[in-house]
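Down below are the structures I want you to see.
Both complexes shown next keep chain A, but they swap its partner, so chain B is in the first and chain C is in the second.
Our next item is the complex of A and B:
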């Protein structure tokens, strides 16, 4: 029964709502906003979200300054007439650029202002060309630099970088994205399946009322307690192609052709990361399942035993059906977790095995593509949402108990 | 560590006292006349702190340069902001700081391949006018390093120390005839393969040739060398694959970075290794072999240029001071200390001929090394270098690990190089 809240009650939860809005809604919304812009941090023309045209006075000033500065060198290799012309160009540039000194904020220009600057750049370009053409034999220092500076000056004009859905369209054509999605899905399915089977076995053992079970439960949790980054490093040493204990054992029993396979081939890396993940998160799975196991009424097992049900039969007819809610929740949590896998792969395989998170990280931080990288993140978000939807609506997982 | 804490407190005090003085533009203000000349002995309460972001240095050189700078200055004092030795992580740390427009660092050290991106992003300031005022010209510095920091007709960097890929070989194993051939640089990767085959196993070695083939920036450097600066992509990569698959390289060569390479060579496990000049110092410092057993030669198609650069944070509050520090480190005095105390290659050309430097840096006197310096090759220059590099690493690693064929790989590499 959901009761209506009074205004006073609402005031009490208001701070919580504000916190949720600031710390979870806002980042999600801004990620979405990034995806509709061609936002790249390594290019000044794209390094922010520009919805309208603007002008970067600092960049304009810097290039003007450079032309004037380079012209001083050019003046030394021409005759008096040339010197006078170069001086005239310098003076004109100096006068024009003066208002833009020390302006660090981008400005919005009116149409005529922009045209004035455009025509200024064109004029300077022409006048410089004329000078260079006038003295074909002079050994100018910066003849090749000038067009580059003028081009860079053009880039002071910033066009809107709103790009609509083009980042999403790019996703569909990006083979690397689909590859990463495949790896992520494979990793998730295989590792969560293994964890479920092993975790269930572990939970059944931990559920037995035997002496010292507390100790067993505690020690079983140790892998889960180790930070992923640390365990990834430990496994990296154990998979090492020369001295790694695991890789050498696997090679000795002919599981893999040679010890170095584990960390240098695709399937080796998939296998090694799954093993590491299973090792680490099986205890967590077991703990979630154990909680479910303990809610089952002992009486049911006694009745089953009286009715002559065998252990296997009891497990499939009583234990599993009654554990369905906690199994679904455990699987859902682990699948969402596994889908976001990042640190394990980044450390164990040095990022060679690319999950979606690793790919998004490389795009955003490595290459500066915030817009497109955010699109990858949003695609990931969509996948996670689909998984959660399927679990909650189709399979009927109850993540949060309602009083209805 | 002990020195750190007072430095931070001092920095805090200085920031406070600066704030109290109000902001005076550093550009033209001469040192206040009231400032006593002999400040070096007194607590440097009035000096402006210039923060220098650089990786830890296993040699005393970087600290010595900063000490020398501090002793020479009555206006500024340099403080070393220790960065992680993981270059990728350091790059991210710098970008995070610079992107936010912070003035946490005044002078930043950059890997040669980052300079284009940092310049394009507007994080660092061009320095032509500073150079001119100081009477310095581009040609006085290591050409490769300077070129890597020239972007849109402006110079953004000075060399901190240049680096180049070279071949180390075991002089005590390789015959004099072969050694001469190697040092001349007149050999091919096929010759190297044959020699690795021939000499492997002698003097307790287990491997012929070790180099960097893990999926990271080092792979790009090595592929650059195998393919002769991407002139012969197919031939070079096939050569690399043959080397990977042969018994002359360790079975897990595809996981080798500089660390594994140096470790194998200085422990006497390999006959040949491709690495940066620092490995020479490692042999001396922690090797089970001695420097007398080691020879240096150019790589068959030339060595990739690497190394570090100095650049000025665009948002630095003390650009004049930042420039002073950059200039000090990159010119005679600083480079001499770097070279004699750290064994780094000087990036200031005049320092290469300095008698103390030549005497103090054995490598500079070796004919094989001198030849190597004349045949260096650059990695692709691009304002989107990390994208290019990432694509190259992907394509080449797939081929070497056997999950792509040569033709697809060549196409992928060509596409990546086009940007």
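Our next item is the complex of A and C:
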């Protein structure tokens, strides 16, 4: 008899719920939120999600500080009247910037406050110009730096970076995104198909040749069990243009024009990453399918043989239909796995062959484009959802086991 | 099919031997290279099986200068801690899921399955932000986000195993006054020990192989795990194949041992859920 859960038992699943909420749900929701902002972590003006305008006091203060500092130099090359004016400007800036010292948090400004700062920046700019124009022959040290500082000061005002659906619109026009999607889809379809066909053949053979299965199984597990990052490195060596044994064999049998082709041309890289993936995952596929095969009642084969069914006929009429559930689940999980391929391509091709994951990683962590990178990731998420939906609803994969 | 001809049998064994050879060959080849001095890795001697001047220099370099053992140690710490807490959390929830009725159970299972399906890349950005804000970059706290890749399948495997345990066993325990904790730890856990062990092995391997999270969150070599550290060995301009192959051999040994010792549990974990009994 299955009991109803009480509060005490709820505490048992609480850790699971908390962990999933913090490390899976929250990041996913955040990623979705990032996509509607022009969010760039390496650019101060865009480095957070700004729904309304705000002001960066630290940046403002720093620029003021520089101007005051530079003005000391400028005062040395002008006459007394000029010195007085420069001192006056300097004093005014010092007085104005004082309240912003040691403020690190961005703040929301009221309209009048913002206007006050804007007009201050404009006034300082004008007064500096006047001084510079007054002494055309003086050899100022920082005449060229001042406009840059003033411009940077303007950037203390942070505009809202909410961008609506523009990241998604950009996605549709981004050839690099579509290219990455194409590569990912190609990689997924070809790798998984090859793995399935080879894995099936191996499973059928292993199912008959039971003797020595332990040894075969152990050996088959090794490529699957080592980190992808390590196997990618191993294959990088195998494909190396100079000392790569596989690339040199391929070149010797005229499969490729030169050993360098494997890791330096587009199709070479597609081929080499697929071969590496097939090498690593076929054993896994074979063992999964073998487990499925072993659940089939051997009596069925005997009756089929008595009825005069041939090997091929038996395979298509008995083996395949009975294995459909295990095949669908194996294919689904392998496809999702292949779809998010990252470390293999990032290491083997040094990221030259861009899958969606590689492209998203370069955008986000490499260049800091969190908003747009998240849009790429969300697109991946959508693709995964579609694949899973097709498998579960259309093909009828039973991923969720019978409850109770 | 039962009385197959001799020729098919030979063909079958031929295919199996070829398959095993292809499986093993890359390892064999890097093993050879790891004993070659760099002068023999390139040029005419690149494809020679027995090195002219075999050397252990590559090994001493990666072990003592490049400190590859530090990353092996890190991998052990990270994978063990992940395994411990994931198995604990997963067994607690799997026990409740397999033994009690509650609203939203189907939703919870769908959620767990969903988490195991979505692309991991979607969590990387926000988790990087989270770790940055909390000052957790370059620490062992990286084990927490490892849960996204290990916890769902751990719960899944455990639920399957717990469901196979007959209810009558724990009913007796409960009549004797055993609490929920007591039932889980003293009754379910020992009976389901093989399943728990399988879960632990699968979690450990998944954590051992994880690359993306450590690469993103721990840029400091001191905290890098094997997959990340070994890739740091190839520099921008040249690839020291001798050292890389030696390091590969070193880091593959733990995996090899795990596979040799626990292959039954691994196969059980791999095929779990994929096969309906």
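Assume the second predicted complex is superposed on the first by the 385 of 404 C-alpha atoms of A that agree within 3 Å, B and C clash if a C-alpha of one lies under 4 Å from a C-alpha of the other, contacts with A are read in each partner's own complex, and residues count from 1 in each chain.
The rule is short, and it goes like this: a residue touches a chain if its C-beta (ideal position, glycine included) is under 8 Å from a C-beta of that chain, and two chains touch if they have at least 3 such contacts.
Note that the structure is a prediction, hence the values are computed from the model and not measured.
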Classify the contacts of A:34 with the two partner chains as first (chain B alone), second (chain C alone), both, or neither.
second
Taking the superposition on A as described, I'd like to know which of chain B and chain C A:260 touches: first, second, both or neither.
first
Does chain B (first) or chain C (second) touch A:51, or do both, or does neither?
neither
Would you sort A:95 into first (chain B), second (chain C), both or neither based on which partner it touches?
neither
Touch test for A:366: chain B only (first), chain C only (second), both, or neither?
first
With the two complexes superposed on chain A, say which partner A:242 touches: chain B (first), chain C (second), both, or neither.
both
So, A:42: does it touch chain B (first), chain C (second), both, or neither?
first
Per the overlay, which chain contacts more chain A residues, chain B or chain C?
C
In the overlaid three-chain picture, which partner chain does A:347 touch, first (chain B) or second (chain C), both, or neither?
second
Who does A:16 touch here: chain B (first), chain C (second), both, or neither?
second
Contact residues common to both interfaces of chain A (with chain B and with chain C):
41, 240, 242, 365
Chain A-facing residues of chain C, complex:
1-2, 4, 9, 12-13, 15-16, 19-20, 22-24, 26-27, 29-30, 33, 41-42, 46-47, 88-90, 92-93, 95-97, 99-102, 105-106, 108-113, 115, 117-130, 144-145, 147-148, 151, 155, 159-160, 167, 180, 184, 205, 208-212, 216, 226-228, 230-231, 234, 239, 241, 244-245, 248, 251-252, 255-256, 258-260, 263, 266-267, 270-271, 273-277
Can you tell me which positions in chain A touch chain B when the two form their complex?
41-44, 47, 59, 62, 66, 69, 142, 144-146, 148-149, 151-152, 176, 240-242, 258-260, 263-266, 350-352, 362, 365-368
So in the complex, which bits of chain A are touching chain C?
1-5, 8-10, 12-13, 15-16, 19-20, 22-24, 26-28, 30-31, 34, 41, 201-202, 205-206, 208-209, 214, 216-223, 225-231, 233-238, 240, 242-243, 245, 248, 279, 283-284, 287-288, 291-292, 295, 301-302, 305, 311, 314, 325-326, 329-330, 333, 336, 339-340, 342-343, 347, 356-357, 360-361, 364-365, 370, 373-374, 377-378, 380-381, 384, 388, 398-401, 403
Of chain B, residues touching chain A in the complex
88, 92, 95, 99, 117, 120-122, 126, 128-129, 132, 152-154, 214-216, 250-252, 254-255, 383-384, 386-387, 390, 394, 397, 401-403
